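Each of the next two complexes has chain A plus one other chain: chain B in the first, chain C in the second.
And now, the complex of A and B:
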């Protein structure tokens, strides 16, 4: 721009520049935002909308108001699936968090072989749930399974019918899940442990703290920010449990492992009742969101 | 007592004592618990038929054989499933990398209207349980006649926000001076991205690539719903609905299938371990 510009023109140029700047920014983001909107944001809203309709695999949705929700809340099968999932969350989420932390402490010690132990514990992370499920079906087999053989040596008799007995099926799914996914939490806690400044431990040492006191007054408080995301993500993942159940028990025996995700699968993709399945999805979302908010509030994060 | 103290060492001198022995014992126990299922799967898969349900269990077959693998590949289109998984995971990974790198640049390095809102919306989807998306995605794919295509399995997975988040975080750490120097040399924004940001971000790009690939390779719920022909079916789905079903006591073939699906993943992991660890520890997101 060679000629002198009046203040008015200048403002116009700068606002044009800022619009141009915005356009460039959005042009960069456009391909991702397209995917994000089409395959994530829009489906999320359509999912909520679908929950208020009767919608089959073909044809147009018909508005039903809250009837899908009242139907669900009066459905014994759905309520049981909620109870089963809650039971699974208690069985799996707590060990996933506590054990994840303890394993991180263990493999953070200066021990020979800690790297290989980390790698072994981490290995299931790359294995698909289908493979994990069938491996554990074999290990948990009642009469010739590996686990019952060794439990038998320890005097557990009669052998446990892990996946065939309504009382033990969910614990068996939880054991499988813990084996499969505890490594993620272990790695996050390990990173958290390695971020704790050395001088805190030195200060604790000077104050005469023992190892338990260090753990209690230094390590655990310093890991609170880590907890603030490990706990909600673990709990959300547990509420969504699907693959393990689908592969190992299909919700049985006697519906004892029938979870919410399993309910959604059957309702939407076996019975093709899309509206009711969506309502179940919305309820699942409300549960996980409210848990997350309550937990973050309790930890004073928000 | 001025003793140097390291946080990751309980015992200063590293000598063996009871506490340290106990730690070793626990560590070995842990390694066995997490390692044994893999070994057991593999050992079962190379046993002859007669030895699979031997009691007490044997940890090495008398006569190792690949019989179950032959049977597996003869009875199921394993190679087709592998090919499908490979194609799907590659599409998802390439699409994710290309779109995420582009999106992360302005989010990290430009001031523009709506930046905070875009970030907030993208990040809030971390807390969204994906089940709510299944029905609309499924109906949409049916409506546009895209069910049973690689597109339908691979593309929705690329909408995941994990990579955008990770790359934005990383781009924020790249010194502004480098960018300014590049701009003085007359680089366009795309040029800056290509010549400065991408070369400096190789580790994080590798992390996102590997994570996306493994996540896609192992994805289960969505491929189960959207593909019901062997032409597009992926390994985990094939495993779960064919191999693992209706073969109640034929655990040899089943373990051969699990091993065939697992061994490539394990090799992949051992080669690229550090990227996995970085991906999880920096984002808390787990595949």
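And now, the complex of A and C:
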């Protein structure tokens, strides 16, 4: 005699299966979540608390209320670091996104040597920031640098003091950053391009679309989810620029490349003023969060 | 045998295997942890061979366990490990940072331990002895000085018709050499610079320091605030501006490893003794000389490496740590030669390794210049005021004046305001 399952029992079984699936999923996520909570989330909360204190790492934090924030908002150097970082975001983020997309289109073509081209374009991405910084210091050096040597052959004189002139230092760092990281965006766009169903292009062709119209009416709209990922991440990464500046200019000349991340680093680990550094970190987080929300709203993702 | 029992035996055996070497080490030797900032593959490796020699030779069963960090990272790590209650036993850094870490409660006064270990500083110049004391007590024992001096490319000097055996000793002679070695082609393009002089970074700051003291100035006034608005500071910065404007200078940024002098495209550079090894390794034909006197009195920038003990929860390893310091100070000749620093202990300076070494000729002017060497003030906020970072009002204003973006007066007034703000910041 077969036992009949009542609807109530079926619901119970289904509910248990759902919980079991959730538990399995959480078990897979647990190692990452543990590291995320211990090394990112909890320190972030401690950072927010520290931003309201005076704390030199050694000793106990002392409550200061909003004084760190008012100090920052009245600090010319902090405001200058915000302006410099915004300038860097404008200089670097747009090319990183546009060039990343164009490079992806290029290496997505069915051309001979495509795989080698992809590898070559991606190669800078695996170089450490310290190595990138030193290489570009040599290239951009005023008196014996490679770039000025070739510009000199073209008649450009006197040599440009790329990293020593406040007007050219930040663009030089932006160019370095673009060379180094544009390939990361390229890979993501490439994956997005390869996910676009071929029949959409075929349908477009049947409708008489040319290459430009395919790009405009098929490729770009289909890459919107990728854009929703790439654009905020690129902008956030630009707001957090640190390594290249630290290696190449230390924020100079005359503070022209001094960014918020460097302000936070110096305040925390040179001046050991963790309270002010944490407050600057909170402000940076709020700025990047605002940018991200505005971007995602504009793209109608949220 | 049950599967569980077998598993327990395996686990216990593995644990024993892992712990036994440590137990053996704990039984036969005592570790002395040491943090230092002599990084770069060659320096760290060389220092490790020196430590290995100590580990093999000492009869007290002491073992040095070194950690090499970049200088900036060292200050951070020292603070963090001290905050966590686990600092290294010994730290090797600069005298200029000692006050800051003493005020933080990280460093230990060591007069009694010096006596117990038999550390003898007899013969070390009194000004260096005084640098090692705070409120009359020893905190950091000096190992070396590394003053800034003049290097010149012998080939370029000779090509300019100058005598490499008579390097410049005054500002006028220096400028004559710089002009003679500056070469311009038919199109007016400078193809070789007289001097590789940086506008910012460490070399810019140290040259300003040198000039400041040569013109009779100092960083701080009697009120403890910045004295960089003085006549001496004005003359020092004015000299730097005129040097940059004269067309003989490469106008480097002060950051990066490769400059015009290194590439054989500048006749002179002013930097410390740590470049001797590098220039020899590159096969450069170079000479070194005492810093010329540009101002009224001879003076040059220097700093010193020193060794200090950190405050620990237990005092059981203090004497062992002091024995390590004593041995290291007395055996400073090899690190001195290989790192490019001048030992201050007479016993190290008399070591045949130092006196008979092929590099001794290059170090001789550095030993000679110890008498005119001046350190930056070892104030409590040294790392903030004398930072190489982008916030530094010192570097910002040096660079602005040399770039012509501020007058000398404006730059010095802003520099003073910025440094005072750092000094007064609670």
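As a convention for this text, the second predicted complex is superposed on the first by the 260 of 302 C-alpha atoms of A that agree within 3 Å, B and C clash if a C-alpha of one lies under 4 Å from a C-alpha of the other, contacts with A are read in each partner's own complex, and residues count from 1 in each chain.
As a working rule, a contact is a pair of C-beta atoms (placed from the backbone, for glycine too) under 8 Å apart; a residue touches a chain by one contact, two chains touch by 3 or more.
In this text, all values refer to a predicted model and were calculated from it rather than measured experimentally.
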Clash or fit (per the criteria above) of chain B with chain C on chain A: clash
First, second, both or neither for A:134, with chain B first and chain C second: both
Which of chain B and chain C A:220 touches, first, second, both or neither: neither
Touched partner set for A:271, first chain B, second chain C, both or neither: second
First (chain B), second (chain C), both or neither touched by A:262: second
Which of chain B and chain C A:66 touches, first, second, both or neither: neither
Which superposed partner A:236 touches (first chain B, second chain C, both, neither): first
Contacts of A:39 with chain B and chain C, given as first, second, both or neither: first
Dominant contact partner of chain A by residue count, chain C or chain B: B
Touching partner for A:163 - first (chain B), second (chain C), both, neither: second
Touching partner for A:249 - first (chain B), second (chain C), both, neither: second
Doubly contacted residues of chain A, that is, touched by chain B and again by chain C: 57, 134, 137-138, 141, 144, 247, 269
Parts of chain A lying in touch with chain B, wherever the complex brings them together: 21-22, 24-26, 28-29, 31-33, 35-36, 38-44, 46-48, 50, 55, 57, 103, 106-111, 113-114, 116-117, 119-131, 133-139, 141, 144, 146, 149, 179, 181, 184, 187-188, 190-191, 193, 196, 198, 201-202, 205, 211, 229-230, 232-233, 236-237, 239-240, 242-243, 246-247, 260-261, 264-265, 268-269, 274, 277-278, 281-282, 284-285, 288-289, 292
Complex interface listing, chain C residues touching chain A: 72, 75-76, 79-80, 82-83, 104-106, 187-190, 193, 196, 199-201, 250-260, 263, 265-266, 383-384, 387-391, 395-396, 399-400, 403, 405
Residues of chain B defined as touching chain A within the complex: 5-10, 14, 20, 23-24, 26-27, 30-31, 33-38, 40-41, 44, 53, 55-57, 95, 98-100, 102-103, 105-107, 110-115, 118, 121-122, 125, 127-140, 142, 155-156, 158-161, 164, 189, 214, 217-218, 220-221, 224-225, 235-237, 239-240, 243-244, 251, 254-255, 257-258, 261-262, 265-266, 268-270, 273, 276-277, 280-282, 284-287
Residues of chain A defined as touching chain C within the complex: 56-58, 77, 81, 134, 137-138, 141-144, 152, 157-158, 161, 163-166, 245, 247-255, 257-258, 262-263, 266-267, 269-272
